[in-house]
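Shared chain: chain A. Partners: chain B in the first complex, chain C in the second.
Up next, the complex of A and B:
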């Protein structure tokens, strides 16, 4: 035995005698992970979170979370001698007087943007492939929780430096809190320790940003990953892949090397972007004061849709019995996002209620094979896109020489018209893709080669699909619509018949499909 | 006959295709060299990182095409770190792809659901153990425990009470009183009507009384915009017209929508625009909202001049400034 092997053996023995870890590890080193680019989106989210932890801890060593007023005398000349909060001054110090500080700030901010992009892309992958179906509903809900917390965490981080831009964001957050009926003013005063802006808010959100939320993140991410581990990963349909197996590469060494390597790649790419592309140059905005504002102010992209909703809201307020209700804030700021996130969290349960499907699924859907789900996804994305664009309406206006008025009206109409349109178009598109798949299986692939038949007619040669390809296209199952009898055996209308009717209607819409070809269809064609 | 049936049934995993390095030792050695070169590039990156940290002065700026003038130390630190990490990653992935076994493996899934016996067993045990605690039968314990737990979970809320004072009338008040002079911000100089030309805008704050300090909390409610237009251009009720002075009209600068500073004044149209969500206020009509999500005009401050000719507030604001809240009537 070589010496190094002996050392490993001794250590392993020592640990195992005290933990019994060998049995568990033996099993899990063989664990199989399916490989697909879309499975890396969640990984990117995880790695950018790790990057945020590392760079965030670095920032805490110099960042001073205080709204106490100081006179700036650091090395950034243009702000020399200006009064500002200690938070802002220390962010300037990190940017100009701490070696590598600006780099760390920029990596932190770029990683935050990447984190949110990756979460959203990952969520879309899970949604469009139906990976949220039983048994993975818990992970879907955990994911929605992580997305929500990510938005909050990002907003709080963005608010910490107390520059003119982020202070304006805080001002808006305060107005949203203040608008809540009955308790709004109280909540705002509790959150800010008195009237806006006070001196309490930044120290408080600092604790939330660096301690409370990261702790919750860690717990939720751990639960999320443990479930993935335990339930095993889903896989795309294909030859040899069934609901009862997973096909892929073993944890050790291939998956370890790829995943570990990928972490370094994500880090490297983020560091490169942070090295060459400036982000949030807070020294250009100046310190926060409530009486000033920087024109063209924009939140980070993951808040942009909210901003867009607020911008397109009509100016509605009600005044009743000496009280004010600000619909112009409540609807876009709380009600619509609340409905959106609740609907998103409940989606797996709604779908299975409509399909009546309560079985486990480990083979992913190709999006076209779930036309209604795909259409719902496209509809939601269109909604978010319209609101996101409205969030940048001032930029759009200057770029395309339109008036804000035109853009706002276009978005007010667009937000109602475009999403349903996207729904209809996407559903049609999915169904025609299904038809194309059907033709491919039945008639094979067009080769572009023409041959002349004995009686002079030209026909194109079709090449039959390989067995693997045909199986991939046709292995999904098509769930029939729910059959909900409105009358019982004796011909008497059942109670709740109306509800059943509605459910049956929706079920029919959800399960609408082009019948996939069967071996019988193929046989028949070949006999012609 | 059975060929077509097979076509749509599972043909099983496709045969494994071997890579060059799997059977050609020379190709494998070449792959090994490539992987080590990638790892060495990472080493170069780290060395560059250290060099940048120690030797590049932090105030040195260099010109880089596209990026413009750039801080050299920050750039080289970033590039060094990027190379140091990226090449470890590329090396590891290349290693995995060329040299590690790439045969797909198949693992069986276990059913998540427990065996039926175990489920029954669990239920029975749970019920029996639960019953042995007496909880289901002893309703007095159940109720009092519920009460105790419910109450104890309220205590954190009690502790949070001191997070802030109660709002009281605070949201409805500003520092403006009758007779308060308008002073420039910045500068704190009192101003006369003649200091403002027609078409001009000025931001003002209430003059501080001796010993008073200006805090951001004050500014957040006190900031006022003065705008001077030709008096005949006003479209105001006689009462509101009397709140102006020689074409000078004063509004709260805090947006009635969500409290941003309404900072953009367009001379041609006489519109005030809030850059946050583009609420637009028409100055000649007492800042009536003509576009955007704001529901109310900017509160107007009643102004006049004192005996020395300086602009003063004749009265405090007649309504709360800034965004709405429940208690606002």
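Up next, the complex of A and C:
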């Protein structure tokens, strides 16, 4: 044994005798993780969060979260001598007078956009593969919480510099608060410490943005990861993969190296984009005053769908018992998002209620093998896409020579018509793909090789699938629809029969499948 | 017409008819009176007016009428002034390519001399805003960029966007980008209010303030891309598009590559 090894061994032994770390480390460093690119989407979110923490700390060194009025005397000539808030002036200073400040600001903002993109992409992966099923429902809800907080945290960050665009966003946030019936005006006064814009809001959201929400984020992300650790990672179906094992590589050394390296890749890509592409050029927007507004004021993309909902809402308002209820803000700003996020959080429970499936699942579904779930996902994405595009209606109008009025009506109709259409099309596509899988398993791969038989007939030679491939395509189980008795043995209608009937019908829709080939089918084929 | 004739015995029919007749007489008189008064100018001016009139008759009269009195599809040009002609024809907006919602900026159809002749002709019909001379538009000397920015954000940005990139209005109309506009054209637009744009009279925005706005727009036209590619200066939409394509695209590509290498 070399001398250096001896020293390391002695130190390790010293620590182990006092902490018992060796046993714990051995167990956890050998923990196995499956390998697939789609499992790295959540990692991208995690790493962009780390980038946000690092760059965010840098920005706090110079940012002055105050609405105190100052005269700008910095390097950016077109704004010199203009009255503005200290928050805006210090953001200009970070951009132009702090070394590396603009790059840091841009990395921070791009990382924020990437954080939300990665969360949504990760969410789609989890949804479409059914990774949210038992035992992972809590982690799904934690994820929905992180998504919601991410939207709020991003919006607050967008609001902090107090430029014309962010002020416009805060104004809309105030309008949404005010639209809450009866208590809205009081809540708005409470949040802003008086009438809009006041001097209290930016210092308050600064504390929330840099302290409160990051703290909650850290706690939730830790819980999210600990649950992944404890419940083990899901894996895609394949030979040798069961509900009881995890096929992959150990954490040490493979994943340590891969994950560590991937962090630097994410950081590198973010820094690259921040170095070549401008984001949130606050010096162009100018300082916020409530009297000014710019054409094409949009929120960041993760709020765009909300903005789109507000933009497409018809101007409905009612006056009841001395209170004005602004349905045009209340419905798109609070009610619809509330319904969406509640439905999203409850989805795992709704699905298991309809399938009657209460077992644990560690093998992921291929999206085509859960046609209704995939269709619901496509429907939701279509809804979000329609609303997101409406959020940019003025840019669509100018860049594609359309009229705002046409876009508004197209989106009002489209938001009701297109999602159900996407549902039907996706479900049919999934069932067709199941049929294709069935054909592939039964008849094998088409080789394109034509053979003439002795009696003159031409046939195409089919090559049977490998056993591994056939297993991967057919290993999933097809859950039958719930069979709920509507009458008891004596032919008397059960109480709650209506509910059972509804549930049975929905269950039949959810479990609609193309029967996968049975071993009898295979035998019969081989017999030919 | 039957709809109208219902009211022929209404007690206000007589006074209304009288008002209408007076209005028509007044309008006709002012149109008829305008031309001879201005043709008493010098010989050179008269030739320019004649030349402009010839161009007008060939290129504009089919919509604006033989005497520029306007029609069902085009407004009267009596009193719009030389500034309006210089702006509309000089930026290629007039003659219109088609009867769409709004005339768009395009390559001018007429030479600067022809535009000048047209302007003289239309100005001869009735007094209106004159083309601001270079001496008036001394924005570089008399304007203040920062103040101009404030004025721009208060008066112009709600349609033309924070960086003068233009924006959408209702029913397919739009506020155009200001990135190709010359200082004189911007001045003309402010004093004549072309298409959907309001007139910014000297009482609302003083001449000095107009020069400040122009100075700021010129600075916006020459604004360097301080933070990297500007992506159109239209706000967060293009940023969202970039992160959903290049950003996550690159990272997913790398993820696929990493997961493949491990096999």
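Here is the rule we use: the second predicted complex is superposed on the first by the 527 of 528 C-alpha atoms of A that agree within 3 Å, B and C clash if a C-alpha of one lies under 4 Å from a C-alpha of the other, contacts with A are read in each partner's own complex, and residues count from 1 in each chain.
Keep this in mind: a contact is a pair of C-beta atoms (placed from the backbone, for glycine too) under 8 Å apart; a residue touches a chain by one contact, two chains touch by 3 or more.
Note that the structure is a prediction, hence the values are computed from the model and not measured.
> Is A:275 contacted by the first partner chain B, the second partner chain C, both or neither?
both
> Can A:286 be said to touch chain B (first), chain C (second), both, or neither?
After superposition on chain A, A:286 lies in contact with chain C alone.
> So, does A:117 touch the first partner chain B, the second partner chain C, both, or neither?
In the superposition, A:117 touches chain C alone.
> Using the touch definition from the top, say if A:211 reaches chain B (first), chain C (second), both or neither.
neither
> Quick check for you: in the superposed arrangement, does A:328 touch first (chain B), second (chain C), both or neither?
So A:328 only meets chain B here.
> Of the partners chain B and chain C, which touch A:242 in the superposed model: first, second, both, neither?
So A:242 only meets chain B here.
> Could you tell me if A:172 is touching chain B, chain C, both of them or neither one (first, second, both, neither)?
First partner only.
> Contact-wise, after the overlay, does A:392 reach chain B, chain C, both or neither (first, second, both, neither)?
Only chain C is touched by A:392; chain B is not.
> Contact-wise, after the overlay, does A:79 reach chain B, chain C, both or neither (first, second, both, neither)?
The answer is second: A:79 touches chain C but not chain B.
> For chain A, give the residues common to its interface with chain B and its interface with chain C.
The answer is residues 96, 102, 106, 249, 254, 258, 262, 265-266, 269, 274-276, 291-297, 393-394, 404-405 of chain A.
> In the complex formed with chain A, which residues of chain C make contact?
101, 145-146, 149-150, 153-154, 157-163, 165-172, 174-175, 216, 219-220, 223, 225-231, 233-237, 239-244, 246-248, 250-252, 254-256, 258-260, 262-263
> In their shared complex, at which residues does chain A touch chain C?
Counting only chain A, the residues touching chain C are 35-38, 40-41, 44, 77-82, 95-96, 102, 106, 110, 113-114, 117-118, 121, 164-165, 249, 254, 258, 262, 265-266, 269-270, 273-281, 283-286, 291-301, 304, 391-395, 397-398, 401-406.
> Name, in rising order, each residue of chain A that touches chain B in their complex.
30-32, 75, 96-97, 99-100, 102-103, 106-107, 135, 168, 171-172, 174-176, 178-186, 188-198, 200, 231-232, 239-240, 242-250, 253-254, 257-258, 260-269, 271-272, 274-276, 288-297, 307, 310-317, 319, 322-326, 328-329, 332, 360, 362, 393-394, 404-405, 408, 441, 464-465, 467-468, 470-471, 474-475, 517-519, 522-523, 526
> Can you list the residues on chain B that touch chain A in the complex?
Residues 4-14, 53, 58-59, 67, 71, 73-75, 77-79, 81-93, 95-96, 100-102, 104-109, 112, 160, 163-167, 170-171, 185, 203, 205, 216-217, 219-221, 223, 253-254, 257-261, 263-264, 275-279, 289, 291-296, 322-329.
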